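Quick one: this structure, given as structure tokens, is what I'll be asking you about.
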Amino acid sequence: METKIATDKLRVSFGDLTVLKDVTINVEKNTITGFMGPSGSGKSTLISVINRMIDFENNVKIGGDATIDGRSILGDNINPIELRRRVGTVFAVPIPLPRSIFENIAYGPRLKGVTDRTSLHHIAEECLKKAFLWDEVKDRLSTSALKLSGGQQQRLCLARTLALKPEIILLDEPCSGLDPISTAKIEDALSELKSGYTIILVSNNTKQIARISDFSAFFYLGELIEYNTTDKVFTTPSESKTEDYIQGKFG
Amino acid sequence: MRINPRITNSVVRWLLNAQAYFTVGILIVIIAIIFVKGFPQVNFAFILSFPQDMGRHGGIFPAIVGTIQLALLSILLATPLGVGTAIFLTEYTRESAFTKLIRFGVESLAGIPSILYGLFGFIFFVIKLKMGWSLLAGVLTLTIMILPTIIRTSEEAIRSVPRQLRIVSYSLSASKWETIKKVVLPAAMPGILTGIMLSIGRAVGETAAIIFTMGSSLRLPLSLMDSGRTMAVHFYILAREGISMEKAYGTAVVLVLSILFINIIAYYIMNKTIARYS
Amino acid sequence: MIDRTVLKEQFVKWVLIAFALSSLLFLFLIFAFILGEGLPLFLKVGVKNIIFGMKWAPTKGYFGIFPMIISSFLVTFGALVIGAPLGLSCAIYLSEYSGKKMKMFLKPAIELLAGIPSVVFGFLGVIYIVPIVRNYLGGSGFSLISTSLVLGVMILPTIISISFDALVSVPKTYREASAAMGATKWQTIYKVIIPSAKSGILASFILGMGRAIGETMAVIMIAGNALKIPTSILDPLRTLTGNIALELAYATGDHRLALFSTGVVLMLIIMILNYIANFGIKRKIAK
């Protein structure tokens, strides 16, 4: 096993409110790691440190360190734009850009300087196939992405992220608004993808985490309570809080 | 004696109704008078021929061209300035003393009456910068005058673009300017266009600021340094100097029709935008 | 490669700052040049002789604009007497009584009224209002009352749209509470809604005044432009704006400077009105 993402005593506060308290975690390469925990547990904040989207929040203070491939991603010398090419993100609510399906996928590659249509079409086809969406949209790539159903939109957002050719994919509760069939399609896609990517899946749905993740981390009130292989976390949790959460006693 | 509140209620309702219709009635009467009196004067020859004998005979072709030149050139200058200012105010700063200062400037420009713009354009562009009465002086004066409208409408349009679209764009490795150029501005475009159309409408109808900067030459302005007159100025001179009431009405029809047309387009674009976001 | 994008971002930011500063620059230039031309005469002739001077004969050294100041305020007041009740009624009708369809028709119609050029208002005033006043009330028809009537209509859109915004922003709960206590619709409007929208309504009146006092082309066509303080509503008068517009094209020397002095006074009045509307009143709304 090889560590892809690591944090060392990572501490994040918004103003006076500390939302991540000295979190140390190593995420392994080419696995799916599930982050779970009730709202306010800090899991989404941790994600936003890894993709540096936290830069857009006000009054943030960050302590400790976070690294990818052993190199810090927090310093001023890190270009967040370059970082976000390596770290793709899929958000809770699918938000297609108000353009065609094709243009949504071409958005990232175009920013990297890919402009010729043949290459862009290749990328679109490849990424839509990986996101299990190709068969449904291959005949209407030029129609508006807003016309797709919610589940299709979320898979488009996944394909759009893949088009960046990232090393890491962060998914922040990607299925929270989807029906079970759409959710299953996303989960299938993720399981296929993990051989080539390091995936972090934030979810409130513990069953989903149990189904597809290799490692599971449980966060509570800004602290990492438990982190182990999914098997261990779900069968023999070492903390009673983890057990209570998995069994649905709170959350 | 106390009047029954229910009776008062219906009387008031009726009165308010009447006043609302009266106001719309004024608009309809104005347009009706202009159209009824003016339409007989308007034909292709009127639009496409040159005026003769100070406008007593002939058409209004140079005034139409002058109006278009003036409106388009000022929009061309004011749009980048205004949209740029709006982008700066919405995307690049938080509310601070500096943005307050700029907003104060914009509000103040919006409140200055057009005759003072005329006075300023006359002394600054025409006299001090030695442009003389010219299309250029008119365009520059009008640019400053319509700038606040463009800034305010653009700012509103840009603010109404959902924040999530920006976040998505950043997450796809776009920089700030790329996000603005590729996501924010296209989404805000209808609102910005509404502001531009309203500004064109204002440029077409303006007189006081134009007559002292662009002058009132009846010739077709062929260069930026030529004087010329817009339809509004031509109409004013025809009416005020009693040159020809028929031609004045004819000019008024073309003028009012252009403004109605421009405003209706602006309103149409705006309504489409509102429908899209709600 | 990355350095280039960073540089580009910085460049764009500075260009946008420059654009944003242009509004301040223009404002500064307008102030500087109107004051620069207008103030010297105040020093030379004396503030009192200009602002309180009764005689305007600029080629003979008389620069008194007191009658024009008074006239400007008179037509503005007259416009308000006509425009304020009518405009407020329309705003109340729009916000409280009209259905959605009616609103969709009335609002654009009122905005179109704002788009009609002031020369057209002036022209129609000359053709229709002036003769009516002459025939039924007497005088030449070019008068305070004709001007006020036309200006009153011209400021309607300003008053309606700003009052409307103020009325609409009164919280729904106020209406419901009042209706629950058995008040009729008009009692609710009169006792609850208008008082809570008071600041906005007042602001609309003041901005309407600003529009009326700054209006030029319609006024010079209808007002008659006589150089004295009107003693009746049928008397002709000349406003500050009219004074500038009538003489700027041919004035030279001190005469031209005197027109800029007129502009300085006009600017001062407008600034005070805008200040009251924007800061005095809007600040209260914020609270």
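Every chain is named by a letter (A, B and C) in the order it is written, and numbering of its residues begins at 1.
Everything below uses one rule, namely that a contact is a pair of C-beta atoms (placed from the backbone, for glycine too) under 8 Å apart; a residue touches a chain by one contact, two chains touch by 3 or more.
Not measured: the values here are computed from a predicted model.
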| item | value |
| --- | --- |
| Most centrally placed chain - per-chain CA mean versus overall CA mean | B |
| Farthest-lying chain, centroid of Cα atoms versus that of chain C | A |
| Where chain B and chain C are represented by their mean Cα positions, the distance between them in whole Å | 17 |
| Gap in Å, rounded to a whole number, between the CA centres of chain C and chain A | 56 |
| Euclidean distance of C-alpha centroids - chain A vs chain B, Å | 48 |
| Chain C, residues touching no fewer than two other chains | 5 |
| Multi-partner residues of chain B (each touching 2 or more other chains) | 175 |
| Of all residues in chain A, the ones touching two or more other chains | 81-82 |
| Chain A-touching residues of chain B, taken from the complex the two chains share | 162, 164-165, 167-175, 178, 182-183, 186-187 |
| Complex contact set, residues of chain B against chain C | 5-6, 8-9, 12-13, 15-17, 19-20, 22-24, 26-27, 30, 33-34, 80-81, 84-85, 87-89, 92, 101-102, 105-109, 111-120, 122-124, 128, 144, 147-148, 151, 175-177, 198, 201-202, 204-208, 211-212, 232, 235-236, 239-240, 248, 252, 255-256, 259-260, 262-264, 267 |
| Sites on chain A touched by chain B in the complex | 51, 53, 56, 81-82, 84-85, 88-89, 91, 93, 95, 97-98, 107-108, 111-112, 157, 160-161, 164 |
| Complex contacts: residues of chain C adjacent to chain B | 5, 8-9, 12-13, 15-17, 19-24, 26-27, 29-30, 33-34, 37, 86, 89-90, 92-94, 97-98, 106, 108-113, 115-124, 126, 128, 153, 156, 160, 183-187, 210-211, 213-217, 220-221, 241, 244-245, 248-249, 259-260, 263, 266-267, 270-271, 273-274, 278 |
